[in-house]
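In the two complexes below, chain A is the common chain; its partner is chain B in one and chain C in the other.
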Partner chain A sequence: MPIRFKALSYIYNKDMPYAHKALDSVDLDIREGIITAIIGETGSGKSTLVEHLNALLLPSEGSLEVLDYNIVAGQKQKFLKPLRKDVGLVFQFSEYQLFEETVIKDVAFGPMNFGLSQQDALKQAAAALKLVKIDESLFNVSPLELSGGQKRRVAIAGIIACDPRIIVLDEPTAGLDPKGAREIIDLFVSLNRQLSKTIIIVSHDNEMVYNYCDETVVLSHGKVVYHGPTMELFDDKKKLKEFDMLEPQIVSFRNELIEKGFKLSKDARTLKVIAREIAGQVKR
Partner chain B sequence: MNNLVFGKYIPIDSFMHRLDPRAKLIGLFLMIAAVFVPKSWWVFLVIGLMLALALLMAKIGIKMIVQSFKPMVMMMIFLMVINALTVKTGDVLFTVGPVQVYSDAVFNTLFVIVRLLLMISITTLLTATTNPLDLTLGIEWILKPLEVIHFPTHEVAMMVSIALRFIPTIIEETIRIMNAQKSRGVDFENGRLAEKISAILSLIVPLFSVAFERAYELADAMEARGYVPGAKRSRYHVLKFRFVDYLFILICVGALSFSILSRFYL
Partner chain C sequence: MSLIELKNVSYSYNDSTKAVDDVSFSVRKGDYVTIIGHNGSGKSTLAKLIAGLLPVKEGSITVDSLEVNEENIPQIRKRLGIVFQNPDNQFIGSTVRDDIAFGLENKQVPSDEMEAIVEEYAKKVGLTEYLNYEPQNLSGGQKQRVAIAGILAMSPDIIIFDEATSMLDPKGKKEIKQLMYDLAGGDDITIISITHDIEEVLQSDDCVVLSKGKLFMHDVPEKVFANAEKLRQIDLDVPFIENVRETFGKYKIKLKANDLKGMVEELCRSGSKR
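Now for the complex of A and B:
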């Protein structure tokens, strides 16, 4: 298990009259090599949870294991840099973090902070930019001249260039047009499938979670209320109602077909497969 | 960044929170005057007791007040040292190396420090119990007489309230950008000078671009809702003095009178 939360709590503004417990004794194991989604309504503690993964926040109570690092409440951390290199965190609206004069310099900023020489950092930056499909002609322009989707991809490249083992993305598709969102999704799926990175995504987009994430964690009021295979969650009408979540379109479609008497296999989860399976069953 | 206490509003409900912001502002000025006039410890005792009572009624813990003193510690030490070196009246209390410390030096410094602490506490009490927007309404009201000489009170109040409104937003953005850069290996606390400069740059450049973007958005939103600078506006939220507000001002006037009279009779 690369990530294990043990009875971890986090309290904002501890000792103030308006102290707020954002995470309440969370026990959670996240598996290596898969895509895990973290969902839950606004204020349920999703962002607080992921900010623990690279020790931006330190637990108020309990502890957390990430890869070979052990973070315990109340202890000083000595391995911040290596941990932050191994766990890359892409923030919401990450395009705002760009600041260098050129795209490639901005992407090389992270690797250089983690101790690479300028030459190696630029090499890694170029590779990362290629991966996020930023054309070489844009390497030397100012990041401020790019479109929103491009900026977001450059920001993600800035994390990929650090070569982390775990990549955490907080709302990576928020505010992007469908094409831009699609490119981001394709990107992290290929990071997972081809480079076998562990991916953790915080999202509000149930359709995206259903289509691409292997496992799902549901948070509510700072507690984990569900953790398991994504399919099982979205097939369970009772749970969806309990968590006040909408059924993904493809699930509704599938269920309606089954109600009408079509026979669908358990793996028929995409339009393509469903179409193929029902093609033979349609009376002409 | 989150530990900034001085000037922070505590959003709870209490007697002090419900007072009219104008009454609290007038009270603040009266009380600060009352702290600066006297030469007697007795007045400080009385004002201190009044303050304690007010803090109790504001449901603000002593912890927060003590925290608000923290930024002043260095200044107080500085004051202590300068006074110890320069004031040479009274009796010699003790000697530190070649320096003889006189009683007046110690008492004068303590007196000034207590005066400062009282002033900070009073100000903290005002800002902790008054919503920044209400505070600006109060300031606007107090500046009203200046309109006679064409002072743009409303515009100034609007600017102040926008500035206040955006402090938490900018702090939030700062924390977010800092976190993003920390995730890219920036160390804001340690490192050589060159590293520190690059760390600060990685924070300031994005912060500026965000701030400008916010400013443009806000200007558009205000225009879209028909805001015209200088135009006459009605108010949704009208401030009204109640009996307790008058009473509060009266008590503060009482405190000031006491401290002025103390200079003649104590």
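Now for the complex of A and C:
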């Protein structure tokens, strides 16, 4: 098990009048090699949870195992650098953090920081930029000249260039137009399928979670209230209501059809498959 | 009657590319108009030009027959409010009450009148119980509602929403959209909303589609979305319902309804189920 939270709590402003328990005794195992979504209302603890994965935040109570690292509340951590190389964290609106003069230098900053020579770092950076589909003609322009979607992909390339085993993306599609969002989704799906990276995505976009994430964790008031296969969650009307979640439209449509007596297979999860299966059941 | 008129408006930030390129359209009084387009299509630039946040260099914009220029901007601003994307960047007061009152103070509204106005608009956006809250104790949707209350308190007749829901969680999005629909329901306020939310567009009276700075389409939403292929060419999505219509069309099943329930009923009617 690459990631295991054990009774982990995190308290902001501990011992202060404004102390706030953002995570409350979280027990959670996240599987390797799959795409896991972390969802929940604003303030439910999603970002706090993922910021523990590379020890940006250290547990106030409990512990956390990530790959071969064990992070225990109250203990000094000696392995921050290798941990941060293995777990890449892409923040919300990561494009605001681009700072170098050129795109390629920005992406090479991470690998150089982890000890690569400039030449090797630039090589890794070029490969990462290719992966996020940033054209070579843009390598030497200022990051500020890129579009929003491009900037975000460059920021993600900066993480990929460090070759992490786990990639955590905090709201990677927020604020992008449909095309920009699709490019980011294609990117993390291919990182998972082709390079077997473990992907963890914090998201508010239920449609995206439904279509692309294998498992889903639902947080509420700092506690894990659901963890399991994404399809099972979205098929469970009672749970969706309990968690105050909107049903993705494709799920509403599928449920409505089944309710009216149409037969749909378990795999009928996309419009194409649904239409194909329904076509056999109606006069055309 | 048209309230806002754009005639051959162009704008470039530097000389090389035109962010807005020869755009003309008009907005009727009381309408709810959505502007869609890919990132970089010129949507926000256009909104800033209408609001006088950028100078109109080419073409002309009029608001209620008043030319948007340096001289008239103070007058136009009095009747126009903008809600921006990031709820954290537009909170000025230290409490909800102070924030809603900020514009009124600037307008030198006497303090005994101010309290009633603040409370009226806090009620309108459903935040009466939060008047003494500090911004950090509010959700994103609540912060946006405070921003909207502050604008409404100035009694504008035009409000521009610049991707006002894009940074909110689903609940916040729903809250703000509902508030926008309520405001749009009356005839007093004209709304221009820049959005990526296709489902929101379906609720608007009129939709302006921009691509690479140019006016690509301007029509009622149903007509805009009837042309799915054209929209996809400029990297825009179509509403789920249009995707359903199109996908079933490929299987020679014609669906005419304008909502999912209606479509399922159509399928039931044509369905001699096996």
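Definition applied: the second predicted complex is superposed on the first by the 284 of 284 C-alpha atoms of A that agree within 3 Å, B and C clash if a C-alpha of one lies under 4 Å from a C-alpha of the other, contacts with A are read in each partner's own complex, and residues count from 1 in each chain.
What we mean here is this: contacts are C-beta pairs under 8 Å (C-beta built on N, C-alpha and C of every residue); 3 or more make two chains touch, one makes a residue touch a chain.
These numbers come from a predicted model, not from an experiment.
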First, second, both or neither for A:Leu257, with chain B first and chain C second: second
Contacts of A:Gly43 with chain B and chain C, given as first, second, both or neither: second
Touched partner set for A:Leu195, first chain B, second chain C, both or neither: neither
Chain B versus chain C as contact partner of A:Tyr96, first or second or both or neither: first
If touched residues of chain A are counted for chain B and for chain C, the larger one: C
First, second, both or neither for A:His204, with chain B first and chain C second: second
Complex contacts: residues of chain C adjacent to chain A: 37-40, 85, 139-141, 163, 166-172, 174, 196, 198, 235-237, 240, 243-244, 247-248, 250-253, 260-261, 263-264, 267-268, 270-274
Residues of chain A touching chain C in the complex: 41-43, 147-149, 174-180, 204, 206, 244-246, 249-250, 252-253, 256-257, 260-262, 271-272, 274-276, 278-284
Touching residues (chain side chain B, partner chain A) in the complex: 2, 10-12, 59-61, 63-64, 173, 176-177, 179-187, 201-202, 205-206, 209-210
Contact footprint of chain B on chain A as seen in their complex: 13, 15-18, 51, 54, 56, 80-81, 84-85, 88-92, 94, 96-99, 109-110, 113-114, 144, 158-159, 162
